[in-house]
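Each in structure tokens, the structures are laid out below.
In the two complexes that follow, chain A is the common piece, with chain B as its partner first and chain C second.
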Partner chain A sequence: MTEFIQLVVSGLAIGSIYGLIALGFVLIYKSTDVFSFAQGDLVMVGAYLGFGLLTWLGIPFLAVIPIVLVLAALLGLAIQRFVFKPMMGSPLLIMVMATIALSLLLRGVVVIIWGTGAVTYPSTLPNVALDIFGVKIATVDLIIMGVTALAILIFGLFFRLTRVGLHMRAIAENSEAAAVVGINANRMFSLALLIGTVTAAVGGLLLANLQLVSTNISELGLLSFPAAVLGGMRSIPGSVVGGLIIGVIGQLATGYINGTAATAITFGVLLVVLLLRPQGIFGSKGVVRA
Partner chain B sequence: MSRPGFGRIVTSYRQERRLLRTPGRIVVLVIALAFVFLLPMVLLQHSLFGIPISDSQLLGIGLPQVNLTLIAIMGAISLNLLVGYTGLISLGHAAFFAVGAFAAGFLGTQLQLPFPLVLLGAGVAGAIVGLLIGLPSLRLQGLYLMLATLALHFVVIFVFLQYQIGNFSPAGIPYLSPEIGPLIIDDDQKWYVLLLIAAVLLLLGVRNLLRTRQGRSFIAVRDHEIAAASMGINVPRVRLTSFALSSFVVSVVGALYAYYLGNIGEGSFTLNFVIGYFAMIIIGGMGSMAGPVFGAILWSMLPQVIQTIAKQVPASTPFFGQVLNAYQGFVVLVIVAILLLVILRFRPGGLNDYWQTLKGGVTKWPYRNK
Partner chain C sequence: MHSKLGLALGAVAITAVALTGCSTGPSTSADSPGVTADTISIGTISDQTGPTASIQLPWLHGVQSAFDKVNKDGGINGRKIDLLSEDDKYDVAIGQPAFKKLVSQTPTAAIMGLNTSNVQAAITPLLKQSAIPLLSGQATIKEAVSPINPYFFGLTPTYADQVDVILDYAAKRVDKKNFTVAVIDNGTASGLEVEDLVKERAVDGIKYAGAVVIEAGAASVDAQLQTIIGYDPDVIVFHGTSSAVNLIARAQEKFGTHYPLIGIAPSGGPSAFAGVTPEFGNLYEYVQWATPFPIKVKGTDDMVAAAKAAGFDKETNNPDFVAGYAGGLVMAQAIKDAGDDPTRKSIRDALEKLDDFSTGGLTPNVSFGPKDHVGVQSLVPLKWDYSTSAFEAIGSYEDYTDAITNEYQK
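And now, the complex of A and B:
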């Protein structure tokens, strides 16, 4: 039982990161209708930017975070301006390929700058194992869950309470109708890209505290697909819950079977959900099956 | 897309059906045949009519690259049949390659069946899996089919790995040199002949298929599902046929690929493998006959060409010298990515579109190509 709880807790920690990545992915998908394969690469770029700043500037981890977030925001705006904006409204496959090309580009550039070897952060979040009723919980796991909860709270409030948040929801709901009432769709797309890139970078920074930083991180972007589908594809809270579920499934499969089975089981779940309940947990019926 | 040129208007069905419609095509065919025959000689002997050609003048390309390109061409043609002509986006391409390799490992390496039978078995196995994977395409569309095939990719690769580790070694499944009757195909030259024949047959087969009712119904379903259905096309059936047919071919190609490499493990069938094939058909031009061929040639040859160039650029060259030498593979990645973005943005028809424009410009001269 202790082992089970242990796995669930670490699953929730890694799942929070998946949730953050999936949140960015769903936000971009909802607002711009672009199904991005580059989300995992944005996570990787975030992790490497953190590494670069830590090694070049020699400042502590906490001081690096704001700089990385600003750089990520600029990257998001650049992607919107130079990749997404000129191609808005292209068929699904063309847009998907554009994001794949973007993903290849980011991966190539990261390797050319930082090399192929895996690296570790010289300075990390505090990490001690706490013993709670026999279950060992790492403080870094708790911090990660806390940061994710905070991020979701901030986004929730932003979407519910601010004017810009309302505009973004309107664009996501029906971009033409929103444009008719005077909402600048392009600006909202840019904002979605900006937020999506920043959440990915946060995910990357957190992930770097749990594992080695290498280009393999970009493969995590693929896990945001099952997370998003579980959450209903267009639901922001759903994506986070989906991410948590995927994280726990992955950890349990790794713990009780092995690491290679984890991917197959995670995607097996995706397949079953797609066939039996394509609208996911939070999605509404009719949206999904064309 | 065909643009009828001035002065060669087709006046009868018989004329239309001919493979070599114009004298120009016969000239092209002769040149192509000469190229195809001379290519292995040039690559093996490093000389043409007694004139020596150095390795770097050949851009470092040898017969193995040519053979792998032929395999890539076949893989790209079959993916194009599904994605380009039927409009179904499947990320299961590597999975079908794996099914072919898997079936070849079982039928060829374990049961020692004759090679043609192994290829047939691989194809049938692929078609059956294709039918199963195709079933979601009846209920799910576009995005959801793509996700379902992505999920299937990971499941198939996992099963493949279990089979590989259970029966062979973690390094991969070994394959014997194929035997067709008394002929043992054991060197690159013999493989070249086999793969070339297979690629030409596949190209002609697909070209002819697309002129039949079945082939046209693929295109009709892609272009407008409802209109296609209202014309009496059984849309689910067409989708499944396309899925099964494409997977049949891909699995046969997968078996050939496994045999050619001689040893293959689950690590070869990654998602990047799938992305590579999508890049080929998009760079070349989706939904065209020549597109996948152009794309596959470019995609397979480019790494070797860049590597050869990198060898001649000293590492001391400012800016890119060191990068080019240390990370050739990733320089290729960046170049391909930028090429993809440019083509997607400005010329979704791909290289084939440029080729058609060029051809039109020449045949219609002095009139403007419109």
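And now, the complex of A and C:
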């Protein structure tokens, strides 16, 4: 039983990161109807921005966090201005190709600046192993789960209780109707990209506390795609719950079967859920009125 | 009038033929692709941007440094080595077209690398039909040398030899003749090969507990360590990347376990120890056949100078870099031995005749032969010294020679 709980706790920790990144996916998708294949590379950029600030300027990790978030926000705005905005109205395939091109561009820039070798953060979040009734959990895992919970709370309240949040929801539901009532769609898209990039950067900073930083971090970011689909591509809490489920399933499958089976089982579960509930666990079926 | 025109046309024709004869363009001979009057092209195939780039890129830098040194010293028989490197991104689907490119599109006289075992497994059968020699860099899988492939030359010791040394050292490390061993590997062809080799050798007091897989790019290994805790081995044989080693060390730190790991070459590298306390980082040691700086041997100074000239001076403490550098020296020697007009065949023949070639002590001497295409057959365990940020050898190559059974060469 302890082993089962241990695997679940480990899964929740890594799943929290997937969920956080998936939240960014969903935000961008909800606002623009575009599935951004660059999200994983934005995670990587966040991790490397942190590394750059830590090593070039010698700033302590806690001070690096807000700087990285600001830089990520600026990057998100730049992406909206120079990639998404010019493409608005283009066929979906073109928009998706643009995100793939952006992904390759981001990776190329990171390789030019930092190379392809793995690096490590010289300072990190406090990492002490706690033993709670026989279950081991590191303080960094608790911090990751805490950050994710906070993100759900903040964004949940933001979309429910703020005017801007309401406008973003309106744009996501029907951008044309929202524009008719005076909501600035372009501004809402910019905000969606900003938030999506910032959440990706947070994911990158957290991942960098768990492992070596390399360009392969972008592939971990892509694991949040099934998390978003599982939770519901238009559901913010769903994206995070999807991430937690993916993380837990992965750890249980690895622990009880093996690492190779984990991928097959994770995507097998995704397939079953989608067959039974195509809109995802928390998604709602769209209604089209003639 | 006609005779003057005829003379003029004749002069033009003679001039054209003379100019063609003096041209330094690509060789027109079908027997010497990749060879021109002043260059010889050598290709490499390795992971430069994929999940094992942290291990394979230093190797490529070592090759580059060696070739730069050779070129700076005047080249070989009047020719400079032109290195054409292809990135397989750890993917067979990318490695195969890269191979075809080096065979025919931008032809090279020989190829080095195939360090990704899955890519090596896919391409090795193609070497004979392409009639191009290959000198492996960081992996020598069983299928490549047993039975002998006339065009494959494994510079690095086979996995069988590596496991022999690992288990011999493991007994000393845990100070037990009878011990339990588990395997962690990355699930690739060579990983499964290592699992089988350890299982075969689990006799006479060695008990095999089982294996877990950590795939390249894994974010967490908590679950795998849980399985290892269930096995409770005395020692773990590791096959994978330095990133996975690092994850295991962090997981051991979290769970408070202290399982010693001994890895195959090239699973280490300085990045394996980064961000981990010495208490847990030093649980990992691995066997190697290349001698990194600052361990001083005859060839160290030249290697360090070549690395500095090529801009890779920070990598000389990495055995993967040294392995690449030594590989470059071996290939350069083969080109030299292939004669004034080297061809793919003459380079292949020269590799096969290489006997007791010295890399200045950077590796054991390299020998191939008609019945043995494994160039290096000695290894020594290395451990990381956090205080000096350098590797130290645990004993010498001779201390472990008796343990090696040369299973694949029999």
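Methods note: the second predicted complex is superposed on the first by the 285 of 290 C-alpha atoms of A that agree within 3 Å, B and C clash if a C-alpha of one lies under 4 Å from a C-alpha of the other, contacts with A are read in each partner's own complex, and residues count from 1 in each chain.
Keep this in mind: a residue touches a chain if its C-beta (ideal position, glycine included) is under 8 Å from a C-beta of that chain, and two chains touch if they have at least 3 such contacts.
Computed from a predicted structure; not experimentally measured.
Three-chain overlay on chain A, with chain B and chain C in a clash.
Of the two partner chains placed around the shared chain by superposition, chain C is the only one that A:Leu7 touches, whereas chain B remains out of contact. Residue contacts after overlaying the shared chain place A:Val111 against chain B and chain C alike. In the superposition on chain A, A:Gln211 makes contact with chain C only, not with chain B.
By the touch criterion stated above, A:Gly165 is placed in contact with neither chain B nor chain C.
When the shared chain is aligned, chain B and chain C each come close enough to touch A:Thr260.
In the superposed model, A:Phe35 lies in contact with chain B only, and not with chain C. By the touch criterion defined above, A:Thr120 reaches chain C but does not reach chain B.
When the shared chain is aligned, chain B comes close enough to touch A:Leu93, but chain C does not. Overlay on chain A, chain B versus chain C, candidates 259-267, 277-285, 295-303 or 331-339: the clashing stretch is 259-267. Common to the chain B and chain C interfaces on chain A are residues 111, 115-116, 219, 260, 263. Interface of chain C with chain A (complex): residues 48-51, 53-54, 57-58, 187, 212-220, 222-224, 226-227, 230, 242-243, 246-247, 250, 253-256, 271, 274-275. Looking at the complex, you find that chain A touches chain B at residues 35, 83, 86-87, 90, 92-94, 96-98, 100-102, 104-105, 107-109, 111-112, 115-116, 219, 222, 225-226, 229, 260-261, 263-264, 266-268, 270-271, 274-275, 278, 288-290.
Those residues of chain B lying in contact with chain A across their complex are 83, 89, 136, 139-144, 146-148, 150-155, 157-159, 161, 271, 275, 278-279, 282, 286, 323, 326-327, 330-331, 333-334, 336-338, 340-341, 344-345, 348.
Those residues of chain A whose C-beta lies close enough to touch chain C in the complex are 3, 6-7, 10, 13-14, 17, 111, 115-121, 124, 127, 129, 136, 138, 207, 210-212, 214-216, 219-220, 223, 250-252, 254-255, 258-260, 262-263.
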